[in-house]
Amino acid sequence: MLELLNEEKVFKDPVHRYVHVKYKLIWDLIGTKEFQRLRRIRQLGTTYLTFHGAEHSRFSHSLGVYEIVRRIVDLFEGRKEWDDKNRMLSLCAALLHDVGHGPFSHSFEKVFDLDHEDFTREIILGETEVNQVLRQVDQDFPRQVADVIAKTHDNKLVVSLISSQIDADRMDYLLRDAYFTGVSYGQFDIERILRVMRPTEDQVVIKASGMHAVEDYIMSRYQMYWQVYFHPVTRSAEVILSKVLHRAKHLYKKGYKFKLKPVHFYSLFMENVSLADYLRLDESVAMYYFQLWQDEEDTILRDLCRRFMNRQLFKYIEFNPMVQLKDWRRLSDLFEEAGIDPNYYLEVDSSSDLPYDFYRPGEEEERLPIHLLMPNGELRELSRESDVVEAISGKKRTDHKLYFPADMINDLSSHRKAKEKIKEILHLK
Amino acid sequence: MLELLNEEKVFKDPVHRYVHVKYKLIWDLIGTKEFQRLRRIRQLGTTYLTFHGAEHSRFSHSLGVYEIVRRIVDLFEGRKEWDDKNRMLSLCAALLHDVGHGPFSHSFEKVFDLDHEDFTREIILGETEVNQVLRQVDQDFPRQVADVIAKTHDNKLVVSLISSQIDADRMDYLLRDAYFTGVSYGQFDIERILRVMRPTEDQVVIKASGMHAVEDYIMSRYQMYWQVYFHPVTRSAEVILSKVLHRAKHLYKKGYKFKLKPVHFYSLFMENVSLADYLRLDESVAMYYFQLWQDEEDTILRDLCRRFMNRQLFKYIEFNPMVQLKDWRRLSDLFEEAGIDPNYYLEVDSSSDLPYDFYRPGEEEERLPIHLLMPNGELRELSRESDVVEAISGKKRTDHKLYFPADMINDLSSHRKAKEKIKEILHLK
Amino acid sequence: MLELLNEEKVFKDPVHRYVHVKYKLIWDLIGTKEFQRLRRIRQLGTTYLTFHGAEHSRFSHSLGVYEIVRRIVDLFEGRKEWDDKNRMLSLCAALLHDVGHGPFSHSFEKVFDLDHEDFTREIILGETEVNQVLRQVDQDFPRQVADVIAKTHDNKLVVSLISSQIDADRMDYLLRDAYFTGVSYGQFDIERILRVMRPTEDQVVIKASGMHAVEDYIMSRYQMYWQVYFHPVTRSAEVILSKVLHRAKHLYKKGYKFKLKPVHFYSLFMENVSLADYLRLDESVAMYYFQLWQDEEDTILRDLCRRFMNRQLFKYIEFNPMVQLKDWRRLSDLFEEAGIDPNYYLEVDSSSDLPYDFYRPGEEEERLPIHLLMPNGELRELSRESDVVEAISGKKRTDHKLYFPADMINDLSSHRKAKEKIKEILHLK
Amino acid sequence: MLELLNEEKVFKDPVHRYVHVKYKLIWDLIGTKEFQRLRRIRQLGTTYLTFHGAEHSRFSHSLGVYEIVRRIVDLFEGRKEWDDKNRMLSLCAALLHDVGHGPFSHSFEKVFDLDHEDFTREIILGETEVNQVLRQVDQDFPRQVADVIAKTHDNKLVVSLISSQIDADRMDYLLRDAYFTGVSYGQFDIERILRVMRPTEDQVVIKASGMHAVEDYIMSRYQMYWQVYFHPVTRSAEVILSKVLHRAKHLYKKGYKFKLKPVHFYSLFMENVSLADYLRLDESVAMYYFQLWQDEEDTILRDLCRRFMNRQLFKYIEFNPMVQLKDWRRLSDLFEEAGIDPNYYLEVDSSSDLPYDFYRPGEEEERLPIHLLMPNGELRELSRESDVVEAISGKKRTDHKLYFPADMINDLSSHRKAKEKIKEILHLK
């Protein structure tokens, strides 16, 4: 299982300096076409339209998560809980945890009701190069890797390396996204955090002396969410992208004749996507169609695609749909009146984040809280020790924005009255 | 001409921290669809297959060159040589100097006999959004910008900001490519270099006290060429890419029936590319076709595309075609014998670089040498003052590699004798 | 007043890259012997015994504060509130704000009842080279500079650059101390903060869009306090240093005969320090005496000096003097019993910090709160807008530690019983 | 010998992030008073007067060299050549290689004819805490450590870790001095270099694939020498410092009565320094005397000390003593005539460097050349493979400067004629 390469291979990585690979199994996984496909899927979706440096792919993030787990596992070497198989299991799960992502996951999943986690599972268990490589360990190994990623594996310690409030996934993406966007907020002292990690039976805990390093990590996370991940310009691009997909699906369903048949999208439109179909989809393919559709007959599809390709995004204002329901209805009517379809040109987008949570029973994305290992051997949940973390834990903050095409509204010439009213509600000058 | 935005805009940039835009003209140029298209063209072509961080686009590089020129021009403010028009000319030329690049320029230009400089000129002078924006200054302004980029403009000082041995273009790409690949070689003290730049009538010169900073820049350049730009693995991907394009063109010309008509490539295959055709081409479109072609009937096209998409590259050995001509012929014959078409599977690639040159009369890419401004007001050419630069100037170093599909050779089963001979010549075990 | 140097001078600075000086007045101030003296006083006192990189001096910090103010003032250029005199006033106050610091200020001020702010004022107003340089502007200028530093100047805006919750002093020391210690906590995006600063009549405020950058700065401050400034090992060295000074003073007062007369300390011991005496004191002089005193007759002075010079520090435990008063008395008695003088070998040290405070009326070190400038022109106090800041504002956290010489206790041979009891109370094994 | 600490200790280090100590022996060595004394000796002597950040001590450099050797030795773990004893020998030699340095070594050694290497040997072999700790290994161990540092030990591989053209000493000081001065020139990819190091019987060699990383290191070294180590302002301070020491010695020898007896200097003046005397000397002590001497009767000593303390340095011009011998004599006479003692106020300082040398037989500081390990197992000397290194190898470049007190010359009032002639020769305006 732990067959070594003749010579350790390294990848130059701007975040971790080097990614080290010494096992043949890992090298072979990286070489599979399903894993190479991640090069064609951006890590941060439409964020590159806000932060131009954010053009990095899920490929580099996946290598990064692997590298962090590799370093943790090396630090654990020699501990009895930690045999060869668990090490390889951790490394493979780290490398493959995102292998099922498709293009612009956020929008595609929402519009076409997909879940990348299902595809991750299928890629690991189905008839793929990845599965073939994993089976070299043993017949059951692919299932184990899939279970770790699905958080259902018995070995909770291994699961916690990949999925917890302070797992390798989050640590890599914060550092990496900060590096490529160029913001300074995502920095924290990962070397220190790795040094204070201690394995227990069912999770990794943190030596109490490392509490401040963990606080710093939590704050980085908080900042990255509000500064980068939920940036309103990025969400504007997301809104447009979703509208493109909705429109194309709608047109297809009502029998519209596309200039070039969008064969790659057929099974998406029918909500019946096979693994093979899915694997053919990447962001090049998506962008290819968006480019073509800039010249479609349908004015809505054409306009939305042009906006997306050329970054002519929607503007936004603060807007609370609960409070401002009447405004919303009024705007919708006025848009109709002015000949702008509100289904495609008026959208409320809400983002919310729980920067740290110690207990969210029943929530879908429940992650293990962080425990500190006190000098006396006791475990304490982080927010009970840290003022800063306590201050932000469990506090869900939500940001609502209303998106609309300011240029289109300003260009309205025939519906002067509706135009004036719209501009008034939207505070347009 | 110098109409200001209501409020200065900034782009967060990982290399220069922030890119500042205060002129409406610059903001509008960035918003044109021809400029936005640069987001879909990688700065370093196939390098991402060697350095996974190198996924950045020509869009970010173009902003970076603009930002460097902006800083230089700010430092020159108040000098009599330097009026508003020259400043705007410099900024526009900086921003647009690469606007004509197409997908994987290196391979596409070679195979289809294109020159991105022609398209840069066409984009600036033709019926484009870029041209429309530039004409807001005056009717002649687009031509002036094009002339600066083409190095034919009368104002040699402005030209030298964009094209010399130490221009904004080179400074940005060295820093940026180093940042995204993660190598440390490309670092130099740009802040110091900007501080010691002095404008003269026909070029920017460097105060003698800044000589060591410039030496460091020259050495960075030297290192980046050999460590990154000419990396043999990157060149392997280039070789395969060129072969894909050659094969597709060859098939098209002999009437092969593609599963999906490669309409985007028609004018390329016919070597008759209009600006409109060219602008529709980007790396998403190219990658879309390469993905499709993985399932083509033609075994050569199919194999090459799979190699490119899944990073199953050719191996290489040192090989000097001048000296080893006989080996080359022999190999070619043996490949034919074994049923491997040497036109597509055997290629010598040569890279060479002049790290610094003070005088290359008649050379196509002739760039101005660097002059030092001595305390007594005299100008001296850099390599006459610097031992290190003298040591490497004018020394063209060439690296030849022979590329071939080691896996295919190892899998040969029916041509055992040819196989053995091939492996012997290529030192394959 | 604003006489320029022939050529701008620069200092290479690891934190701000370059410190730029173009005014002759600033250059002359830096050259005064009172300012050069700051090279011989460490920025972080005894911290170098915990973080070995923290050997930087108040000289470099003072240049750094000047440089930040210079950049702010440049950004304000052209605003009507901001004339030449206010600019020069801000620059001089920034440069000189710490000029009155003496060696190991914290301990010396406490033991000898000094206040560096008094000496700052005296240096600026008294018969010094600094005063002579400042008077070149006009006779009243020194007083104005002193008033800005004392926060009593009428121009509240200028005062706020040097003394507020987000002033140049704090910004420089957080970045600088983080750089030299090597911890990552002190990082924040100063360039962004400078860009969102807006001058108002009586303070600098922050554009609301920059709120997250300010949050990040506040968190950096919080982390630096607990990770670096209040580090228990640093405080152990402070405790020993204070005891050295106390002992020397005590010996002097009771007529002890030092091997070499500690003439530099006489006026300190008598609590009657002239400016001339004070200026002769620096950390070289202090260290010289501590070294000599390692060989004094008095065993306590000798022992404490050896501990300080050779970093044989006191150990510590958590200890709350309010709660554990009885333990404290008991320990003190046991120390006496065992022949260890508790006045020199048993000490509780308490550190506490208010990471951010919006209103502390009547407090000695009251600093202006941070105001955000909302899009509608309104000002809002930071903690009303930021959850994170609200969470930590006004919360004073205190950390108490009890320091003692563990080695000395372990070496006790003749007082076995006292030893055992002491070890029990101190949890020594 | 390899007794472990209960828990690994770490030092936060800005250059290597963390310095790791797991052996009790190393921890004890760091705690000795001879090693702690290195905190009071700056790594770069008078350089802090040019680069204000360069206030770091030999203590931090020594830890850094230890850390690099620790990493190399860890990479070599498991190789047969490399037993426990050799590892400990390497670590101790790394830590202690500079332990014999005194204050401002360069000047003190020259003026008082000392050699820090003799003191290093004495500290390791004499009656010191260091010796006591080392003898815990065995009686002969101190001698072995001393031999490694003296390059006379049989194990050439161990010697080469500490003293070769690419040893841990040089690697640390280039990185560290670059970090603290803030210049960017000293950066190179140490992680890569460590990865390509291979131990052979008598030295560490470099895998050929790492050649460019080594080139980059050599160029860093070259740049640091000319940009930092030989900076003319630093040398001006060195010149003054040497003159101070000469003058004090001269005065002492002729029976001058100092206000305070310079007891710490007596044995230096007599050139008969015991180890105990030497260990009492550090930069605090030296600075203490220089400060006192600012108020001495002797005008030369007083003036020179004031210059040194307050950074009123000598100016300089390019001056080649071989060529300009006549000017030199003339100046010397004119100085005499004007009443300025040329023995103290006129000095030529020459710096020269061999950036890389493959063979310097008979030279005092002969260091092993760098060998590349070619893929075929052959060793080749670096400059035979690298153009850049070849270009600079063996080329000794020398820089001569003439130092003089420009202010004093300008202030001459009674010797107008001599003054004019002096100014003419020195190009003073």
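Order of writing sets the chain letters: A, B, C and D. Residues in each chain are counted from 1.
Note that a residue touches a chain if its C-beta (ideal position, glycine included) is under 8 Å from a C-beta of that chain, and two chains touch if they have at least 3 such contacts.
Since we're looking at a predicted model, the values are computed, not measured.
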Per the definition at the top, count C-beta pairs in contact and tell me whether A-D or A-C has more.
A-C
Note, CA centroid farthest from subunit A's centroid sits on chain D
Subunit A and subunit B: spacing of chain centres that average the CA atoms, whole Å
32
Between subunit A and subunit D, centroid-to-centroid distance (C-alpha), Å:
52
From the C-alpha centre of subunit A to that of subunit C, how far is it in Å?
44
For subunit D, residues that touch 2 or more chains besides their own:
17, 183
Contact footprint of subunit D on subunit B as seen in their complex
183-185, 187-189, 212, 215-216, 219, 222-223, 226-227, 387-388, 390-392, 395, 397
Using the touch definition from the top, list the residues of subunit B that touch subunit C in their complex.
10, 17-18, 191-192, 195
Please output the residues of subunit A touching subunit B within their complex, sorted ascending.
11-15, 17, 31-33, 36, 39-40, 48, 51-53, 55-57, 59-60, 63, 179-183, 280, 282-285, 287-288, 291, 306, 309-312
